[in-house]
Amino acid sequence: MTSDQVLTALREQNIELPSWAFGNSGTRFKVFGTPGTPRDPFEKVSDAAQVHRYTGAAPRVSLHIPWDLVEDYGKLAAHAADLGVTIGTINANLFQDDDYKFGSLTNPDPRVRAKAVAHHAECVDVMRATGSKELKLWLPDGTNYPGQDDLRERQDRLAESLQQVYGLLDDDMRLVLEYKFFEPAFYSTDVPDWGTSLLHCLALGDRAKVVLDTGHHAPGTNIEFIVVQLLRAGRLGAFDFNSRFYADDDLMAGAADPFQLFRVMHEIVGAGALAPGTPSDPGWDPAGPGVNFMLDQCHNVEDKIPGQIRSVTNVQQATAKALLVDRDALRVAQRAGDVLGANDVLMDAYHTDVRPLLAELRESQGLDPDPMAAFKASGYLQRTADERIGGTQAGWGA
Amino acid sequence: MTSDQVLTALREQNIELPSWAFGNSGTRFKVFGTPGTPRDPFEKVSDAAQVHRYTGAAPRVSLHIPWDLVEDYGKLAAHAADLGVTIGTINANLFQDDDYKFGSLTNPDPRVRAKAVAHHAECVDVMRATGSKELKLWLPDGTNYPGQDDLRERQDRLAESLQQVYGLLDDDMRLVLEYKFFEPAFYSTDVPDWGTSLLHCLALGDRAKVVLDTGHHAPGTNIEFIVVQLLRAGRLGAFDFNSRFYADDDLMAGAADPFQLFRVMHEIVGAGALAPGTPSDPGWDPAGPGVNFMLDQCHNVEDKIPGQIRSVTNVQQATAKALLVDRDALRVAQRAGDVLGANDVLMDAYHTDVRPLLAELRESQGLDPDPMAAFKASGYLQRTADERIGGTQAGWGA
Amino acid sequence: MTSDQVLTALREQNIELPSWAFGNSGTRFKVFGTPGTPRDPFEKVSDAAQVHRYTGAAPRVSLHIPWDLVEDYGKLAAHAADLGVTIGTINANLFQDDDYKFGSLTNPDPRVRAKAVAHHAECVDVMRATGSKELKLWLPDGTNYPGQDDLRERQDRLAESLQQVYGLLDDDMRLVLEYKFFEPAFYSTDVPDWGTSLLHCLALGDRAKVVLDTGHHAPGTNIEFIVVQLLRAGRLGAFDFNSRFYADDDLMAGAADPFQLFRVMHEIVGAGALAPGTPSDPGWDPAGPGVNFMLDQCHNVEDKIPGQIRSVTNVQQATAKALLVDRDALRVAQRAGDVLGANDVLMDAYHTDVRPLLAELRESQGLDPDPMAAFKASGYLQRTADERIGGTQAGWGA
Amino acid sequence: MTSDQVLTALREQNIELPSWAFGNSGTRFKVFGTPGTPRDPFEKVSDAAQVHRYTGAAPRVSLHIPWDLVEDYGKLAAHAADLGVTIGTINANLFQDDDYKFGSLTNPDPRVRAKAVAHHAECVDVMRATGSKELKLWLPDGTNYPGQDDLRERQDRLAESLQQVYGLLDDDMRLVLEYKFFEPAFYSTDVPDWGTSLLHCLALGDRAKVVLDTGHHAPGTNIEFIVVQLLRAGRLGAFDFNSRFYADDDLMAGAADPFQLFRVMHEIVGAGALAPGTPSDPGWDPAGPGVNFMLDQCHNVEDKIPGQIRSVTNVQQATAKALLVDRDALRVAQRAGDVLGANDVLMDAYHTDVRPLLAELRESQGLDPDPMAAFKASGYLQRTADERIGGTQAGWGA
């Protein structure tokens, strides 16, 4: 790929930001707040827009319902538009109601399942109000002790509940279903792996896809292999990018294992799946193969907006390197059984310092070549810290 | 379940033994031999028959081709029949030929793939000669370094090769495809998880099923959950029972985590999948849900026949406990959201000492109540050690 | 060991309960409350006393400072004494102050380190007021990102801070230092393993010991091996018993892997370390080898008092089985290189149903043979649910 | 650090090569041979010398006894000297004798322990004959089943055996003791972690140090933290560099996680431990803090000499990046609690493409800037493949 082609591809890449990354988050031990943390969805969107302003690569914001419930979505959408961003995926929240102690869509009690399904109707309303076309489900459902519930029946209930949720969607909407190895359930999790998510999506229909959160796997799992499998099945709906050293640490994308992020992007580029396939694109097909590249992170100890900026630039770096892989040479070495030669071709791209290329990209877009420095210089953090006095800082509870 | 019902269920349970467990095995560091180790398939079958003789629960022996190639399979089958056992699953070997350095069914070289497919034709011939109806594939295929080969193309080649192998089967035969997390490949493995195996089986047809080896998962994986998923999909073809503390340790079934084995059998019993569903049963349906319970172990430091006896009795213990679970009480507690009560019902069965029940079972079958003691008292180990002098002891190489 | 000897040993065993197990706990996603949850340390002690009342094996309660701060410790101790229990270990809390965002005893800022040390002086005051002789430290300290702080300097600061804390102790007090693999820090943890904890204890002096929390290890870690090492070094101060399938799940002891708990107790019994060695014993030597067997759990979805009762009885079951191991026969088999024979001796004890023996133990102590049933029948849960209206339920924040 | 200082530091760095990396190796499933594989220690040394010839950074070769036993070590040393390399560490082999089935230095049988100790006397003889000053022990010792042997007694035996081995050393020799999480033992391993190795080294004396093999840890272990701990204790004797995705995969150093290798070297540089501290250096102190940087790898599917070259250059790249870290800026950011700023300083070095710098280094040393290309162009592989006909290729058995 020529340098121009790489720049063109990078220019088209976009990454969706999670509104909740701008609120406070933490561990079960402690949530540390920071001055200037948003108090409502409008302020979250404002912060997200800063990330796009300086990176030029993050034009959408995911909402989390009910955390981001507002009275007037037209107003929120207008606020976003004013700042150059749009509303992206709508995330259903199934983990903060006392009724969900033993599960939401898989709960043994039909009343609770109905309530959980009804929450999705509310989400679909938000989708209609905001123009969002993607409904994301992540279930905390599972059990903590062997015997606590019947594993098979939980799958049957899940299948039935998902059918109902899927039925709520308009024809131009799609459902993406996330899996997670463990937490908050500690014995069994109802959607613990890509196989389970895929089986349910296959049963639902073409507009059901799998979400791959890079932190949701067992130790040692080859994530890029799963990317390949889901792309091959036409069912990779979205990424939740973040990184981890241990469990679902939710660190910044690319921070813990930048080589893994590169390998993931290498498979994406190889499959031609980098091209925008998100709902805001013209020609959007909810049953199509488009992948939504989203972040899902917790900035427990670092500043939030800079944490998002760094994550976006880390994904861009990994992408740029993946675009630089000499795929013709790679194929030649692979076909020749030249293990080291093939590995060298890949590593040659990885070892390349692509920061000058990304600086060039940004300058060609009228952006500062160093988004982090430019944001810091803007004084935004200090300004919001000064202005956002009073009220309750947003967090996972609101 | 009444005690009589439990005994009836246990009486019908049967477990298949791997011929290779009677040969020498070890680690990459060292293979320790023991006196009396079989030198050929006939002696392996003789040893396997000892396990059945004392447990009454292990009437079949899996063969591994080419390790168990013989000139006259009629003679081998007759030898088995004389000793009260039959030939079970035929295992294809794809990991000991220099040609397979970069893969067998997924090799970039079409000549090697054709060779690997042809090996299965040889296996199917053995199946016809022995009356076996089950062809088992475990692939060592994968790569050691990122970039070494194209992950996506390897899947495509695999799909094509599997189609050819599947096409070799007679209508009353089935193919079972095993997955494994890693080893011998250390970067990517072509069939690393149940999702991948299942996707390929779904593409092949009804007579393709998944093999779950209990040692082939990432740390922390909830194996009984996978059992549930595969049973729900009608695609759990067989178990390879063994146990592990770390990786694919291939220790005796039930030795490392007897509670896990119990939980697995609890799901099996709950799904009604314990009932014999193996090719030797009347009414065998190669497309049906029957599960073949096999052992696959390496007795690196312990005696082999006693190691197999203990494994069989461990599976029986776990099964007996699973049969004793008060499923009505369990359901009541589960429906009531009584976490501890439900767990207690399960643990009540697990804590039960079922050895008296198994002794009763054996006595009702005309067996010694203590298979291990009876085998030791038989002098067989000493006798074979004295008799099997000369020749080359069987191992993974032969 | 004769049955009488086993009963005698079991009669002497005692297990310390954590006050915080009776308050609410959960995950970062959600904390579920339950009716009747204590509102203050007095109610927590009352609940803990219920566990002792029905098991006869849990005579002490650990406090957590500042969660369990009260104005008058004489009154709290008297309350405990009235209910037949005493105050045990005092736990310092270093994870809920905004100042500790970047560490407590390892914080780069000397002011924060001094504050953290001062908190221990407060804890020592509580020890003096309650008669407690054991100060327990668990540090959440660590970093989330490579480069965030200097790993080596954090160890140096830790060593210095610990010296100061150690210097606060009276001569008949000891310090126990807990290690944890990860969480809440996600890149580096300052005391991540037994080696680190031991090195610091060795530097401090004879009255510094290691705490082994059974949930604080990497996947696959052989915990009983660490028990052996720490006992051999004379530095196993205490256990925090709980169980886990994945990370620090904090499930009930013995719930996830009862065989592991048995193996741990087998090493304890083999080393003669079961005999009471806790501060409340006559002849207590703070520099001696006594091990304090404590629970540290989170009853996220199950009832708390029953959860503690079950955990205590699980530890008792494991202990009883360990006491039943025929150590003479074990030694003979081990010396003979009889792998299966030695394993069989161990498993023979494990497979034994010791519930009748424990029932006999309890009856000999004037207790109901079934503590769980007796507690349920007492109506305590309903009574406290009715009475404890208003106020704020205790949790990790208070 | 200025570019000149970086070059100077890199020029002094040296890496020791393992003779066995040039022989065949594989998994328990299969060992693939390659044309030209050495048949004896002389040919192995010849191959090792090629790595040094093209990298200028690998001047020593470790031997493995008895694999590398020769009649005349003077001749072997002279052969090495002719090729510009020297003999480094002597590795004792305790895993290939039938007597070691149940352990070597920890075997229950005193005769076997004496034999294992005696093997070290043989190794010390080789050390005297070759001028080697470093004896490396890695024990395969452990058990496969709970109960198989007494864990505590194995430690006592180990301590006693190690004392005897240590007593064999001349005053200017040192002993380095490697630990390993698991394999070939699958239940307990006698030296499974750095804590155990360190405890034994502390008991032995100043000339006993720990070997850290980067592939010998539980999943998720923070290896650079262990580096810090061992350096702080003055007991990091040597590295065995390699890389892994799963277990002890023994892939090329830096191949699986180049960022981890960089973090390790960052701690080494930060502690001033990069400076040569190997026996061949003037002023060598066997009780001093010098770290020997060795490779220990298995080139199962890739060419061996190129595999070693790539590993050496990967270590060099990681080192160069570590040297480029702006430590003053790092400290400022760390002290300021600037999480992202500190991480950025580290990542800035990591993202730098140091290949031009390494090319400059090599040219300044009179070497080809691209060692891999130069070696390939030399025709050595083809030449040895043509010449080394007949005989038995070296492997783990010889």
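Observations on the model:
We just call them A, B, C and D in the order they show up, numbering each chain from 1.
The rule is simple: a residue touches a chain if its C-beta (ideal position, glycine included) is under 8 Å from a C-beta of that chain, and two chains touch if they have at least 3 such contacts.
Please read all numbers here as calculations on a predicted model, not as lab measurements.
Under the contact definition stated at the top, the chains bordering both subunit C and subunit D are A, B. Two chain pairs, A-C and B-C, are compared here, and A-C has more C-beta pairs in contact (counted per touch definition above).
By residue number, over half of the touching pairs seen at C-D are also found at A-B, the match among B-D, A-B or A-D. The centroid of the Cα atoms in subunit B and the matching centroid in subunit C are 41 Å apart.
Annotation for subunit C: residues touching 2 or more other chains are 101-102, 144-146, 148, 181-182, 187, 219-220, 222, 245-246, 255, 259, 301-302, 339-340, 343-344. On the subunit C side of its complex with subunit D, the touching residues are 101-102, 108-109, 144-152, 155-156, 181-182, 187-189, 192-196, 198-199, 217-222, 224-225, 228-229, 231-233, 259, 263, 266-267, 270-271, 330-331, 333-335, 337, 339-340, 342-347.
Taken together, the subunit D residues at the contact with subunit B in this complex read 25-30, 32-33, 95-96, 98, 100-102, 140, 144-146, 148, 181-184, 186-187, 219, 244-247, 249, 251-252, 255-256, 300-302, 396.
Residues of subunit B that touch subunit C in their complex: 219-220, 222, 245-246, 255, 257-259, 301-303, 306-307, 310, 317, 339-340, 343-344, 350-353, 355, 372.
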